[in-house]
Amino acid sequence: MSVDVPQRVLILGGVRSGKSAQAEQWAKHSARPVTYLATARIEDEEMRARISHHRATRPAHWKVIEEPVALASTLRAHAHPEGLILVDCLTLWLTNLLFDSDPQCVQREQDALLALLPTLPGTLILVSNETGLGIVPLGELTRRFCDQAGRLHQALATLCDPVLLMVAGLPVFLKGHS
Amino acid sequence: MSVDVPQRVLILGGVRSGKSAQAEQWAKHSARPVTYLATARIEDEEMRARISHHRATRPAHWKVIEEPVALASTLRAHAHPEGLILVDCLTLWLTNLLFDSDPQCVQREQDALLALLPTLPGTLILVSNETGLGIVPLGELTRRFCDQAGRLHQALATLCDPVLLMVAGLPVFLKGHS
Amino acid sequence: MSVDVPQRVLILGGVRSGKSAQAEQWAKHSARPVTYLATARIEDEEMRARISHHRATRPAHWKVIEEPVALASTLRAHAHPEGLILVDCLTLWLTNLLFDSDPQCVQREQDALLALLPTLPGTLILVSNETGLGIVPLGELTRRFCDQAGRLHQALATLCDPVLLMVAGLPVFLKGHS
């Protein structure tokens, strides 16, 4: 990955597939100042433990921002041409949107992200869970999530390059090259 | 994809992964008269909405057939050497079979499809959901579905070329080339 | 695959994706004496039927060992420089560990496997289910399984070459070449 060209990187993958590690490795190697945008809401001990585990693996000098919902406006506020923003992850952001918001807001936030991508200064690395390759469990919210996540990934994949699917810590390049 | 050679195309993919769009794009570019074979049963409003959404994206001049169960005989009745049939999707067909039919019928219909494929005139594009890469939820019918779908995909993949897995709207060629 | 070089092969894949068939084909073609290490516990009729189905497809002269938990020590006891051991599968082994054992034992067994891999004589083929690419169902044990399986696959993938993901009976090479 060239460190000079503003890029949009989309890293998909399953549970514990090495998505975050891949993203963080890329960010470290970019030689750019990194802003880490965490979308998680800490709502129970399990989530707290997962977040602590992730945090311990990241460089201490990275700037960390927490924003569970207003992703596009937060990206716009923190982007600059020499910088790199790592968003981990879109899945939690989309879940937060679906739980909290009216349907119009869900669509508006996603549209805002998609509209922002082509013009945002600097490098952006987006991490998201691929959840569409299993049986979809019962429940209207789960089906809505799967539909929204699938559509969002398709739309983002047209705007990003490279696009990766992580399996067992190894990248499958869906778009672009290694 | 050459427009001259009869082909068997198998397009797998997750929920909202762009399977149908990929299949429809191929059908449009084939310059062949297209028969669209829909296997869905419209049984509730959600299904009706999904089908309307898909229908709005397809050319109006395509011939549309609806057949939820008798796939092989319907293919045989509508195939011709210059034509292209797009089946969307095998997942709903298999679900219909498993819900409605005795086990012998389920096997007979699948065997009939597999026996027909090598000799069916014209081009055939098969769309199916990949559902085997997550945790299999509890329930005997779900496990039977996953087993049947996995075996069917394996058997079809030996008869089809190319075979694709769609992820985020992007094709991974499992067999054949882009 | 060269038959001369000791190898570590990791074959991942979904339900009925052709993982075992791929592993068994490789073992047959290796011209090495094969030890088949089965991790399944036969606890109900469905499991018995699945195992019989698998067994019928394997050469009768393969040595078969059944070991649900103590994988590393069993591998060490049966490995030799000219031989090939096929482990089918890590998913059942990990499930057995999680159901039966205290957390320390779960970690100890996994650590023992990872420590053994670089020095084990002969060829080793490991088969495991990829279960992380769908929605993770509710339930603390299921989430723990997904986490453990994902981490284990990542760790194994750094030690194995080639690493494959099977889809519809077709291999995607995540590492190494066909």
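Letters A, B and C name the chains as they come in the text, with residue numbers starting at 1 for each one.
The rule is short, and it goes like this: a contact is a pair of C-beta atoms (placed from the backbone, for glycine too) under 8 Å apart; a residue touches a chain by one contact, two chains touch by 3 or more.
None of these values were measured; they are calculated from a predicted model.
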{"item": "Overall pattern in which the protein chains touch one another (line/ring/star/complete/other)", "value": "complete"}
{"item": "Subunit A onto subunit C, rotation angle from CA fit, given as a multiple of 5 degrees", "value": "120"}
{"item": "Subunit A and subunit B, separation of their C-alpha mean positions in angstrom", "value": "32"}
{"item": "Shared interface positions of subunit C, touching two or more other chains", "value": "14, 130-137, 146, 172"}
{"item": "In the complex with subunit B, residue positions of subunit C that touch it", "value": "13-18, 46, 130-137, 142, 145-146, 167-170, 172"}
{"item": "Subunit C residues within the subunit A interface of the complex", "value": "10, 12, 14, 130-137, 143, 146-147, 149-151, 153-154, 156-158, 163, 165, 172, 174-175"}
